[in-house]
């Protein structure tokens, strides 16, 4: 009996290594779901990759909470990694089996937000900016200030994402505040309230955003740096702007849910994702900046990431997102909900 | 105004309403045959979006899952609903009125409430989300429709036929199989088609209960719509709407909507 | 074939007592009519005998075996319904063969017996028709054939002729009687039509408010009703109001009437319309009672005529062959007379 | 000893009825009870969260004006959609019931009812395609009209109302039609014989008799519209925040299920209140 049990356990343990289906939870169109990449990954390892998408970090967390076991790799903004770890949603990662981990510089690998409790819970993958882009068909003079969102000329042609944290931090920049330590929330509220009538609709995903830009329904809209690069490379008439007031910067990590049943395959996929070879190819289509120093170094000089994000002037203006306290998160959510409800 | 003028006005009104009801669906369907990814005109005929569908494993899986779920739901809801209808038809008992009233909530309470309540409960009992949860939810929504439709058909059934069969020595099962079921079969078929439609078109409850990666077609479409429109969504929508309208046309033949057949 | 006994049957529906301590005996091979107004319990009694209903108290025996707890499908009874209850989805032959198929007699045997039953009800070539293609009378015959083809121990008929028009009904009564005699089956049938009951049955039972009021051969019940209700329900009766005084009845206005000499104590007296004679002059004779009245109305009905006469605020009905009825002016004085011995003497007033 | 046949029958009834009703209990009634339970918790009772009983979720509804505002907004939307549907649908039902005869009526009636049984999501999506700026509506209008128009209805309350009317219009047509059909034509003839004009007949004979059917349809529209979230989300854009979308958010994004449950229960109370008020009418309309 014991022997049989042992044998069957061994058999069970041996099989997952052969071919797993790993499920990735990410923004849509954000690197992990590139067809050529997953195909190459499948050919190299035998693991197939399927995707599930979220529209906000909140939704991402809730998806993990309510679907234990459903995901194997999750993209988490470093500002949320700690929360996910505290809720027991994600597992600590031993980077040793990843051959590409060595390329990640220490300041990234040991980023305290990705190492809650002193253990690595998110493998630094990409970083970038949340700023805005303008439709160059309609906006001839590229603006240099974030105040363009409040310009009556663009009334009904403006868009931001429906996300409490991002909206509040965006308004914090517009009111000259520290996004991680907002002192005057009332100013933020007023600023956003003034913004609301300008808004056409909220955008939910990059694809969505592209269509609205293509049809001319958006003229000024917030966007992520990587997405802007991708849109440009697709030939959309957009220009990414990092205004004088600055921009939100974020660091995204790849994590493995505690409930994942294919942790080994998940780790292999993360390793694949931080591979400089993958990144260079991705960047050609438009990508955020890589957290892997080796990958960033491999980029050609004309690359968007090298040009824009490599500019020390820009780097000096940006503010990195830090974890948000439970209390603030609630306050932001209520503020945003009340504003939306008043429409 | 003359009677003819009234009549003409009435017909124009009806025509306008029909136009309002069908035009958007037809436009949507037409756009699934337009080559442009951004719905640009002039119209250029193409079936490329349907061809793409054939390669989209995710949509095909969701479609297969939707049909499979709808078939399970149809089988279960039709059986349970018909059984209950027959029981209520055959017997008078205390609380019958209450049981009939209890059919109302699944139809009348907004699905948002039912769906979120199911989500809470299924999590509470450890079932969680997923296809079984979806099936359980859909069956509950479909049962009242089946009971209503089958009961309507039973109302035209003469209960002495059952008594006659029993007097001739037939046991309960023989009575049901040889006498009752043949008569109410059109009602059961209509009920089954309603159940299929309820499940196949159900979005709200599926949305809260389906598991990521195992979502039904409407849920997949909703997520896709929120990520931006593509003619591929038009193509699959066209297929769905054609399918469900066909099912209902057949159902109408069997139910009283199409006249008493 | 078997006789049926019911003893002390009581059946209530909620607060309504449908059967109240009913005891009855239905002899083997007899044709028994249950008669009563609606709500009298006759249908409940029939359905209890059939096994659709189960008594709260009391017992039903068929052929001496207690069957109170046996449901209808195991009681081996044949039943015919008011609306025939032919299965619309089956042919005539399948309808008739249903009971045989349930009993698994085999295809050949089924065909033979269905054929014989069709012959018996004279529908030999209609086996392949559907019920909706038949006339009312034909459906009735199919229903009968279906009820008897299994050779049940008892045949139960629930108002089987009420859906037919009058001419057809009389034909069917004769037909039903012929078939019943031919196969000699114990038959119990429910009707509210007293004429039909008397025509068909060799025994009748009168029910009222869940109780058996009287039972016996039709002629006996008709001629010697045990209470006023029966007297009025089975045929018509003109009540004679007054009080008995030895051999005479003193009417309310003091008129004395001779009563027949019969043993027993009687509480009420009546006379049937057909026993009364209408005349202009007072008839004389031994044992003839006569009372004056005013003729109010004469109703012609083909062979028969009915006259309504009024006396002291009470109306009397007189029935006679039209040609035997004297042609007297309305609102004129007439005499009503009858043979002393045709007076109905009723033991119970209620 | 065998069970008494009457008892056996009772068992039979139970056997036939209980599967369906057990199913409804497990999938409808127990979940609703569970939701009531959740609505008085301070946090989701899964994992190692720290929760206790409290009425804070209901208090949130009363104290934070956002929820009441949104509920009122949803109720207004419901009234609006119901009103438009009745105004559009009743004449339509009248034409079907009293003007058109024979086979044409059967066919047209089926045509009106058919969309109701097709996927609601797909129909809303159709409207999104039609209403988008630079979409089909604008292009076709500009093709017909001599002057340029800018019809950009997408992401407006009008778009939400149009989409919802499209979804629920068949309800009111169906119930009004059934109500109108039940009116004996001889009543109308009788009124005419007494010299009543068309408007008088409509106001004094037809409307009062058809009213239960119309009201039944109105309730059947109002109730789901108050709880709608998918339609406002797709068609409403910036103005598409309603009570239903906030409930959806609590379950899908924010993970504040207890608050979502409490909000749902408030909605349920509103819905049940309306159904209770309307139930005599609905019962009348049934017969």
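Going in written order, the chains are labelled A, B, C and D, and every chain counts its residues from 1.
Simple rule for what comes next: a residue touches a chain if its C-beta (ideal position, glycine included) is under 8 Å from a C-beta of that chain, and two chains touch if they have at least 3 such contacts.
What you see is a predicted model, and the numbers here were worked out from it, not measured in a lab.
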Can you name the chains that touch chain A as well as chain D? B
Of all the chains shown, whose C-alpha centre falls nearest the centre of every protein C-alpha atom combined? B
When B-C is set beside A-B, which has more C-beta pairs in contact? B-C
Go ahead and note the Å separation of the Cα centroids belonging to chain B and chain C. 55
Rounded Å distance, chain A centre to chain C centre (Cα mean): 93
Between chain A and chain B, the Cα-mean centres are separated in Å by 39
Using mean CA coordinates as chain centres, what's the chain B-chain D distance in Å? 16
Sequence positions of chain C contacting 2 or more other chains: 71
Residues of chain D that contact two or more other chains, please. 46, 132, 251-252
At least two other chains touched by the same residue of chain B: list those residues. 119, 123, 226, 229
Please name which positions on chain B make contact with chain C in the complex. 158, 160-161, 163-171, 174, 178-179, 182-183
Enumerate the contact residues on chain D facing chain B in the complex. 9-10, 12-13, 16-17, 19-21, 23-24, 26-32, 34-35, 38, 46, 88-89, 91-92, 94-96, 99-100, 106, 108-115, 117-123, 125-130, 132, 135-136, 139, 166, 169-170, 173, 198, 223-224, 226-230, 233-234, 244, 247-248, 251-252, 257, 260-261, 264, 267-268, 271, 275
Could you pull out which chain A residues touch chain D in their complex? 55-56, 58-59, 61-62, 65-66, 87-88, 196, 199-202, 215-217, 333-334, 337-338, 340-343
Residues of chain D touching chain A in their complex? 46-48, 64-66, 69-70, 73, 132-134, 154-155, 237-241, 246, 249, 251-255
Show me the residue ranges of chain B that touch chain A in the complex, using the header's touch definition. 38, 58, 119, 123, 128-129, 211-213, 223, 226-229
